[in-house]
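Consider the two complexes below, in which subunit A is the common component and subunit B and subunit C are the respective partners.
Presenting the complex of A and B:
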């Protein structure tokens, strides 16, 4: 409750938090709120400009762009949330384990992580998605695995510090095994930086998911995704510029909100951080 | 008997008239000498050696320097070039060509019967990439300084049009023997009106006028520079600014804007390339002729032309595989039809039902009598051919309307190439989106490589694993028949049989476009995806008027 009380003081946090909540609400209710069937092709009505029937116009196949943006929001939210969870669930346990265990296990794990960190995340994701196949699961695994090294590093770092604490020594003296210590004693004390990191990486996930789908490596058509819609729209930028508005605006709003909310969460959880100007 | 007269008349009569209006106005003016033509091409050429590259973009480069025995005109007719005339032996297995005298290659060596014989014999010995279109070729022999004979193991009707196919140009044997094939990949030495001067891989290639060219008074231009500009939007912008004089492969959505510009001429012609979905007949459902026909009727072809090609980049097919301008082409539509297999959803659904496919559990997907749902994959590339990915998505939508679930698999070029060259037992695709072009404008190619049983992959290009005794019989007859009327009749029967069997899903024919500045005269566009301009000329006054100073 203390968290929300402090979060509420930040106006930026409230506005963009509300936007983010709105986007998630759109995603959750996508199937009921789309004005038209996002997949329904109508070749008699291709490239029609925005009108009362189609607020954002129709695309090359006569599909309603607004409905597609809404469905794409759901797809993006689903993919990026799953990928974020995947990264946390693979990265954090490994990081905590090697951080606590130390020795050669840690050395090997960290060198491997360093190797993965050499690659730009998007490149790593492209390689993984090419191997796993451009399906929704493939994209989730690719984005998750590509970000996992970051979480391994952070989890290890905070575990290293935590394991020197008195309460851990006490637990060891009391005869607790390492799984028990990691879950019961270390995790509650290191969860804050990991939650912050997860919030801060969410926009990166969104951007990367869109980049992959822009390159044709994301969720496959006819399922819409922002990146893929942008790619299609760019071919008709001069003749039908309205096509780019929907997906571009949705992407900008999502990434901006997620970024700012991430910042505010970080400051709220860590009051020692300097206040943003 | 000379067949060349018959062939000329026949091909000319059938061919599509392309730019008659333009030509008339261009011919009124008197050609001016001088100037450099700048031409923006879409892609770089991996090889300029005609023996190893069939790409039409490469042909469009070397045609300035390397000439064939005969050439194709805009109306699809075949005209003599380096060969003045030819005769055919009574058994129709030997062609004898009389060559132009006094012609020299750019390296100074003489163009003669020995050079021609060498090129064709070398093509056979080294298995040049075009060998298949010289089916049954045995040997070529110099009969005199300017007389050369080509001997075939069986009568071959399509030889003359095939000799106009640009990769069969006569390059200098001297240069080839001295420098080898590797060198020829970046250097083209022929008898043509221009001599290659510069070559920068992936950037540009420059030709200068051949002062010793055998056709007196030609060419008009001093130089031709071909630059590589992959992005169509950039090519359109360069043309609008007058930084290039001509360019090709503009996007259909840019054409209306360019056409409004009075300083630019845009020409759009139907190509000989038709889209189709190859259906794997080894898949039980697709072995059923009613299912294949249902798929054909389910396609809203006019919708494809409108939404993917902006009503410009493609036209509705009027015959299976063959297009206007191809020898033996006949309009195969029934009266009142806009295309073969006109879009008819009700008919398609009925055919599916007749074939035993119905939606028994009401899940939106049809099942066969045993209850297995009909779900097929569709292999495609993205950007391999203009609009391919979009067409694939529409095929998916159209088939969904008749209850067929389609999973699109997009493969990148190399993987796609590997996936579609496998034989009947290894092939992984149920359906593949492809296009068939006829660069020789003669039906011999699709008849011998596309629909013949012996042409099943991995040998030919029959990726459907389609087999029909009647089709095979007609193809073999047409291949060796030299009588014009009979051969055309075989071709027509072959097309009628294809409409009965529907071995593939027939989709629209692609159109080609060429944008040129209006001061450029006598540059051409051919249905076979060639854009020759060796005898083009620039109107200097008009250039100045448009503010182009080079």
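Presenting the complex of A and C:
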């Protein structure tokens, strides 16, 4: 509760936090709040510009763009949440394990992690999509695995610090095995930096998920996704430029809110950072 | 310094072997018969069998692996499924096009971010600083393909000033370079600004000002020189990210680069081209990383003693 009290002091945090909550609410209720069926093809109404019936116009199949943007919010939230969870669930246990055990296992794991960190996320994700296939699940696996090295690194770092603590020594003296120590004694003490890292990487997940879909390697039509909608809109940029407005605005607002909320969460949990600004 | 260079160059050998191993694994990781994949979905039986024999897919795995490794080390990455040309021949010219795009974008980003970052730090917490901060924040939140589409709409369609796609004249470079560079410039401006704010708060700045040194000299000589160290690292990291961003930028502007070749090969299931582009991209990233490390060691002699 202390966290919320301190978070509330930041005006930027409140405004963009509210915006982010709103976007998640839109995502959760997408099926009920779309003004029209996002998948319904209507060939008599193709490329109609924005009007009172279709606020953001209709696309090349006469589908309502606003409804598709709303459904795409749900797709983005689903894909990025799953990918983030995947990255944490693969990266954190590995990082904790190698950080705690040390020795040659750690040396090899960290060498590999360092090598993977040379490559930009989008590159790793594209390579993984080659194997996992250009589907929604493929995107989740690709982004999750591509971000895992970041979490391995962080989890290892904080585990290294935590294992020197007296309570860990006490647990060892009491005869606890390493799985017990990792779960009961180390995890509760390292969860904060990992949650902060997850919040800070959320916009990275959103940007890369939509970039994959823009390239045609992510969510496939007819399922709407912002990046994929922009890719389709590009072919009609001369005749119907209004098609890019909805998905572009939604994408930028989502990434902006996620970025600012991440910054404020980090500052709230670690007030020392604030002075530097 | 020489020991550092040799050590880092030797690190490239296991890295390259790991990458080739991964490329080999791709044959078997991708669902389906690799021989059918290489021959194309509608190829006659005899062709598929020919390929299976040529690549040794009927042999045990370790023999296949040895054969593939030997072939790649001799510079043979196979032939394209569609054009039937050697992969290396279609990849090499693309690398040059991508390098041009990435290099110019990075140059653009460096100039813009140094300028805006210094100005922002000079006017710290004043309106000009706030404007730069907000613009750069918007910049890092706008994906390259959104900037690209907006740029195409305004400059190519609405104003009809610049070409949409291709790279046949210098005018074709403007939009892709600015689109890719702007994103990187936004990222770097924020970092240059914070490095400069840090540097301007140091005691030696107060000393310089007390001596009566003109403000521009204080900022660009005393502060910037000391802030340059972290900034050089940032620029190095930025070059890697620019190369990553080039994949999307090339797709938007139909730029005949390595990134677009890779994406198209994945979409058309042209596995040898995919493997070739992954191989060269990986080697480029490792090389860029090596150069950044060396530049860093050159700028800061303390690192050489590690």
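One rule holds in what follows: the second predicted complex is superposed on the first by the 274 of 277 C-alpha atoms of A that agree within 3 Å, B and C clash if a C-alpha of one lies under 4 Å from a C-alpha of the other, contacts with A are read in each partner's own complex, and residues count from 1 in each chain.
As a convention for this text, contacts are C-beta pairs under 8 Å (C-beta built on N, C-alpha and C of every residue); 3 or more make two chains touch, one makes a residue touch a chain.
It should be emphasised that the depicted structure is a prediction, and the values quoted were computed from it without experimental measurement.
Peer 1: Regarding the shared-chain residue A:259, is it in contact with subunit B (first), subunit C (second), both, or neither?
Peer 2: After superposition on chain A, A:259 lies in contact with subunit C alone.
Peer 1: By the touch definition at the top of the document, which applies to A:41: first (subunit B), second (subunit C), both, or neither?
Peer 2: Once the two structures are laid over each other on A, A:41 reaches subunit B alone.
Peer 1: Of the two partners subunit B and subunit C, indicate the one touching more residues belonging to subunit A.
Peer 2: Greater contact footprint in residues on subunit A: C.
Peer 1: Is A:216 touching anything from subunit B or subunit C once the two structures are fitted on A? First, second, both or neither.
Peer 2: After superposing on A, A:216 lies in contact with both subunit B and subunit C.
Peer 1: Using the superposition on chain A described above, determine whether A:118 touches subunit B (first), subunit C (second), both, or neither.
Peer 2: Once the two structures are laid over each other on A, A:118 reaches subunit C alone.
Peer 1: Between subunit B and subunit C, whom does A:251 touch in the aligned arrangement: first, second, both, or neither?
Peer 2: After superposition on chain A, A:251 lies in contact with subunit C alone.
Peer 1: Look at A:238 in the shared chain and tell me whether it touches subunit B only, subunit C only, both, or neither; answer first, second, both or neither.
Peer 2: After superposition on chain A, A:238 lies in contact with both partners, subunit B and subunit C.
Peer 1: Given the touch rule stated above, what does A:131 touch, subunit B (first), subunit C (second), both, or neither?
Peer 2: second
Peer 1: Classify the contacts of A:189 with the two partner chains as first (subunit B alone), second (subunit C alone), both, or neither.
Peer 2: So A:189 meets neither subunit B nor subunit C here.
Peer 1: With the two complexes superposed on chain A, say which partner A:81 touches: subunit B (first), subunit C (second), both, or neither.
Peer 2: neither
Peer 1: List the residues of subunit A that touch subunit B in one complex and subunit C in the other.
Peer 2: In subunit A, residues 134, 216, 238 are touched by subunit B and also by subunit C.
Peer 1: Could you please specify the touching residues of subunit B with respect to subunit A in the complex?
Peer 2: 251, 253-254, 257, 300, 302-304, 306-308, 382, 389-390, 393-394, 396-397, 408, 410
Peer 1: Report the residues of subunit C in contact with subunit A in the complex, numbered from low to high.
Peer 2: Spelled out, the residues of subunit C in touch with subunit A are 15, 18, 26, 29-31, 137-138, 140-146, 149-150, 152-153, 157, 194, 240-241, 243-245, 247-248, 251-252, 262-263, 266-267, 274, 278, 281-282, 285-286, 289.
Peer 1: Show which residues of subunit A lie in contact with subunit B when the two form their complex.
Peer 2: Subunit A reaches subunit B through residues 41, 43-44, 46-47, 60-62, 134, 216, 220-222, 235-236, 238-239.
Peer 1: Contact residues on subunit A for subunit C in the complex?
Peer 2: Per the stated touch rule, the residues are 115, 118-123, 126-127, 129-131, 133-134, 203, 207, 210-211, 214-217, 227, 230-231, 233-234, 237-238, 241, 244, 248, 251-252, 255-256, 259-260, 276.
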